[in-house]
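The next part holds the structures, each set out as structure tokens.
Both complexes below contain subunit A, partnered by subunit B and then by subunit C.
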Partner chain A sequence: MSDSSSNPDYTKQGAAASGAIDRSMRAPVVLFAAAGVFWLLVGTLLALITSFKLHTPGFLGNWEWLTYGRVRPAYTTVFLYGWATNAGLAVGFWIMARLSRNVLQRGTILNTAAVFWNVGVLVGVAGIFFGDLTAREWLEMPGYAAPILMFAYVLIALWVVLTFQYRNSKYTYVSQWYLLAALFWFPAIFGTAQLMAVYAPARGVLQEVVGWWFAHNLYALWLTPIGLASVYYLLPKILGKPVHSYYLTSVAFWSYLVFAGWAGMHYLAGGPVPAWIISAGVTGALLVLFPVFIIGINHHRAMAGSFGMLRTSPALRFTYFAAVAFTTVSVVAAIAAFRGVKEIVHFTYFTDGLMQWGVYAWFTMAMFGALYYLLPRVLQRAWPSPTLISLHFWTSAAGIGLYVFAMCVGGWIQGLQMNNPEAYPEFVDITRNTLPWLVMASLGGLLLFVAHVAFAIHCLWLLLRPETAENRSMLTAEPKTMKVAAK
Partner chain B sequence: MSDQKKRNPEDGGGSVDPEAASDESLQEVHASLMRKREEKSEGFPIMPIMIVFFFSALMLVGGIYMANFGGRFDPMVFDETKGPLAAPDEEDPEELDVVALGSRVYQQNCQACHQADGQGVPGAFPPLVETEWVTGSEERLVRVVLHGLQGPIEVRGEEYSGVMAPFGHLSDQNVAAVLTYIRQEWGNDASEVSEETVAEIRREVGSRGAWTAEELEPYTD
Partner chain C sequence: MNRLLVIVIGILLTIAFCWTGIVFSSYVQLGGLEHYEDEATGEFYPPPRAGIAQRGQKVYQELGCVYCHSQQVRRPGYGSDQDRDWGERQSVSRDYIGDRTILLGVRRIGPDLMTVGERQTSRDWYHRHLYDPRINTEGSAMPSYRFLYEERRIEGEPSGRALDLPEGHRPSDGYEIVPTSRAEALVEYLLSLRLDYDLPEVPTE
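Moving on to the complex of A and B:
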């Protein structure tokens, strides 16, 4: 690679390089993405079983492997470590390689990491089904799976840091900051949690504090930065105009890292934990609104005037859906963190709805958008069926919308009823009243299942489709040079 | 949930996403935007002021929240609306009411035979009031309760020949409490039995069957 600063015509150089980068990234990106899609299907099946069990407890209940206590942790593990992390890494590698203008070097590192990571997830999920699971939310994988994951992770982080270190670009971009931050946060939170909650559990409430710090930050400091990196990269790429008020992004970046780490503590409200820890969590969740506000300005004002593009760009459709979900879920989560609201929503299905709002409507949709954008480029062939993309988008959007609506509204009503023992003296009545909402959530889950099957079929079709010259020319057409803010 | 719902493309949209900006120009443009804004000195940009106001408002609300509910970062404040709990070693542990404990143990274990007034049942269960067996030697009394008693004994001039069950399963504290209780209740006025005494005798004797009156002779003082 020639030094970009020695060549004034960046556009031409970039176009040639980006095609070369995409081709070189094919093996690791497809490995991680394919593993992610596989786990997505497994996770969706497990999620459906979990969801059905909530309103039909006897469903598949006669076999200990498929009892609620094992299926639910298996589903969250498959979803978070199998789908979300694999997809996030595939997207993260590609963006990092593109922005560092590096063709893939030492690809074996990534391919080995892909194998080890997925073996680790497999061992972890099998351990959960065997009954070796831990009692920690989002950390249910038995302790023996963690070293395999950590080994894979070290390889992944090493590769990304090397790629960034030896970059051929003159400037860095906000997506790279978020990716690097996520890469440094993950071992910190995962390692600390494994050590203090699984291997040598801390005593007393400290263990609980560590547990919730981990669970929140797996979302806030691992998944979310990767999602933000993807949205920040794809919006200007597709729209052809810069991020609005870009000079504020570094403020948002640093304030997000500082405040988001605190926000998980509010989950301990009502527990025997020193009050200041919970109050600091509430304050953290509130202050996160500051970076969220800036990120919202960046995304939504860049989008203003370009809504017509949603019609033609599937990646943009998913990505912008995710951006909207990120803004809304952050605001709702900040409100729901306050003790007065917690009194209603704590220990209800609302929490579950909010979790899916963040992990699915925000992060997973962002990953779909990124995969729709990068897979054709990496494989040098176009998506075969616009209809399948459309089916995927609308069933996902409707499915997650229905699920979040049912769980949040149903959970809120459940909370109001639990706080009113005069009107609802029998607890079982309250439980019975949640049934219609749970059935509605299951319907949402069925729609998501349809969406994911459509996506998986489409991915397989794309993979098996021959690489044609026509497609290649379309995908390697020289990207235009972005003009500095159209005045 | 989002704006996408407004538009419904009949054909499902295109399938190739545009790449409207090269990676170089993406970084170039944004880097120049970053530089440009920092150097800007003229005019009165509205956005930074809004951001500053928003940040100040959040900090104010957060600060008020921490001041009200932060418990002054005291690790002993568990209820944000109340003051700190006293550390356990600073406060006197609540005084154990030995008589109340003894009375409860008595009701649960002894009352069925010896009756609520401690008078027993004539001919079947001996009384506990005004008798040397109760108010006399602690050594003998503790042994009777821990291991039981069988065979003929004489209490207040009457012969009894029954079996008293052992109560060794009760804790030292409970045995001491119930014995203190019966030694001071119903007009009895003997010394307290300490937990240590019970523990010592329990250790000394070990496990054994019920005592007889003769076997207890050595312990009458």
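Moving on to the complex of A and C:
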């Protein structure tokens, strides 16, 4: 059995076919990606406001709709459902189409889905600003936005089924397994959460159990499998060598699906819920390290000996950054789930640091990598400016690095002080001591803002660039262009 | 084709496994939790919240207070909740069954509010705090909720509900600051946040 490495795209003949597939996917991929980039900009702006408000509580404080408790959920919603999901879908559809080796069938379904999904997000975010938020983390959109999103999702699922129906390939590749997993997990968690935490809130703390089960799995079993599909597809493709050990890869896939769903319960540590729920969470967070290590070894072994290509391929650079972040965030999350460590970091900024480590340093960077790879192919024109790519990479890497560092270290200190009422009897002192860290996090946010503006401008430039033969030929010459930029 | 089917069925099984293990099991254990009736007095615990406090909870939800405040007291020995005077006993599942929306919170940018109604008992204090947190606590990082208050020209007698504000925070002469009905509901809700009753399952020491 083979995986994406023995993909016939590697032969000349296959390459032609994949060019046709790419061109056929243009409309839906560009629609989802453009919507994603739009939301990315909106989300970054909201994230900055949120971040500033923490150290400067009076900032934009006179309007109810801009109060901290509205901007913050609006930002996470825009980021998760606007940016991350749109980007993930663009990448996922493209990989699906490539691996099923058939040009786009029934593209209208996808285009319609793109419209509905984004109208749903818009309605949801507007609802949050108007005060209809559920105040349940990552599920903040008011109940009336969900049916629109669900409708879009039904269209998406329909298209995926049709794509499998019409595929021209005998195999089901690793990336497809992960995409299928995401495809089925999302409606299961979203539906359960809408039902038990929004429409007919379950009794008492049960809604919190459901809420955190959802929030964690939105990351672990919706975004992460899409990210993994992308890494599994792109690494071998860019490096031109196979993924190691088919057997281990499938062991990792199944054990990831079995364990990952349990790990979110640590958010309730020490809380008013039965102790077994938290133990299940800790156990899940630990056991999930087993597949994470296999996946890590898979990816890092593929990289061995090819590190030089990091300089020449922007897609690889982002993708590898993401892969490293995936391994590290999973390890840190498992450590942080332990009772003793959790006692320190629970209720602190550490939580936010870890969330962004996963959602940004891992997933978002993976999506950037994939978009750098697929957009020029789908549009049949090369990225116009290696400088903008470099700017994007370094500002986003430094920005997220600074943010995560500030939140994790600042949060750790905050936790130690909170647990030491003798030395820190006054709560305001603890809050005040977090200020330098919050300012540092805001600086990280500013860097990310620069990164995203650079990326958005570059995407627009690419889109408006004419599709000429010269432009197309540069596609294959991409590494050389980058080398010029690197010096 | 067969392989695909195996994968799909496998994925569905992992979903069923996790859903049963967490969602359904919790439902079985927690879904039927009832109020506790004190045989001696005939009172039910947790005590129901007054209508205005329930409306206040809605305001608490709409304004996203949960992003900075938790509502849970952990057991002694885990964290410092009780040493910080955030409650005399730990909170348990049953304490939460009376409300439609439960917001336990995962951040303590501000103090825990599970028992704030026992710590702060003055309505005026709450209104000043919401109007401008820096009146009660110098250097507070909490945002002001001034938009929950109305600045009005005093016509005839000043309103009995007007805020009693210290020097430097008062409106100009001839004006007064009056809470809106949402501010009043929110304060009633905060006042109702108490854990001053016992439940059989709570370990007493």
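Remarks
Basically, the second predicted complex is superposed on the first by the 459 of 487 C-alpha atoms of A that agree within 3 Å, B and C clash if a C-alpha of one lies under 4 Å from a C-alpha of the other, contacts with A are read in each partner's own complex, and residues count from 1 in each chain.
We take it that a residue touches a chain if its C-beta (ideal position, glycine included) is under 8 Å from a C-beta of that chain, and two chains touch if they have at least 3 such contacts.
Keep in mind that what you see is a predicted model, and the values were worked out from it rather than measured.
Once both complexes are superposed on subunit A, the partners subunit B and subunit C fit side by side without clashing.
Once the two complexes are overlaid on the shared chain, A:418 sits against subunit C while remaining clear of subunit B. Of the two partner chains, subunit B and subunit C are each touched by A:272.
Of the two partner chains, subunit B is the only one that A:99 touches; subunit C does not reach it.
Of the two partner chains placed by the overlay, neither subunit B nor subunit C lies in contact with A:466. When both complexes are overlaid on chain A, the residue A:240 reaches subunit B alone and has no touch with subunit C.
In the superposed pair of complexes, A:172 makes contact with subunit B and with subunit C alike. With subunit A as the corner point and C-alpha centres for all three chains, the angle toward subunit B and subunit C works out to 20 degrees, nearest 10. Greater residue coverage of subunit A by touch, when subunit B is weighed against subunit C, goes to B. Look at A:280: by the touch rule set out above, it reaches both subunit B and subunit C. In the superposition on chain A, A:181 contacts subunit C only, with no contact to subunit B. Contact with subunit C, but none with subunit B, is seen for A:209 once the two complexes are overlaid on the shared chain.
Overlay on chain A (Cα): least separation between subunit B and subunit C is 5 Å. With the contact threshold set out at the top, residues 172, 272-274, 280 of subunit A are in contact with subunit B in one structure and with subunit C in the other.
Of all residues in subunit A, only 4, 10-11, 13-15, 17-18, 98-99, 101, 169-174, 233, 236-240, 242-243, 245-248, 250-251, 272-276, 278-280, 282-283, 286-287, 289-290, 293-294, 297, 307, 310-317, 320-321, 324-325, 328, 339, 361, 372-373, 376-377, 382-387, 389-391, 393, 397, 400-401, 404, 474-475, 477-485 touch subunit B in the complex they form.
Across the complex, subunit B meets subunit A through its residues 1-5, 7, 9, 11-34, 36-38, 47, 51, 54-55, 58-59, 61-62, 65-66, 69-80. Against subunit A, in their complex, subunit C makes its touches with residues 3-4, 7-8, 10-12, 14-15, 17-19, 21-23, 26-27, 29-33, 61-68, 70, 72, 74-75, 78-80, 83-84, 90-97, 99-111, 133, 137-147. Across the interface of their complex, subunit C is touched by residues 53-55, 57-58, 61-64, 67-70, 72-73, 131-137, 164, 172, 177, 180-181, 184-185, 188, 192, 196, 201-210, 213, 217, 254, 257-258, 261-262, 265, 267-268, 270-274, 277, 280, 343, 346-349, 351, 418-421, 427-428, 431-432 of subunit A.
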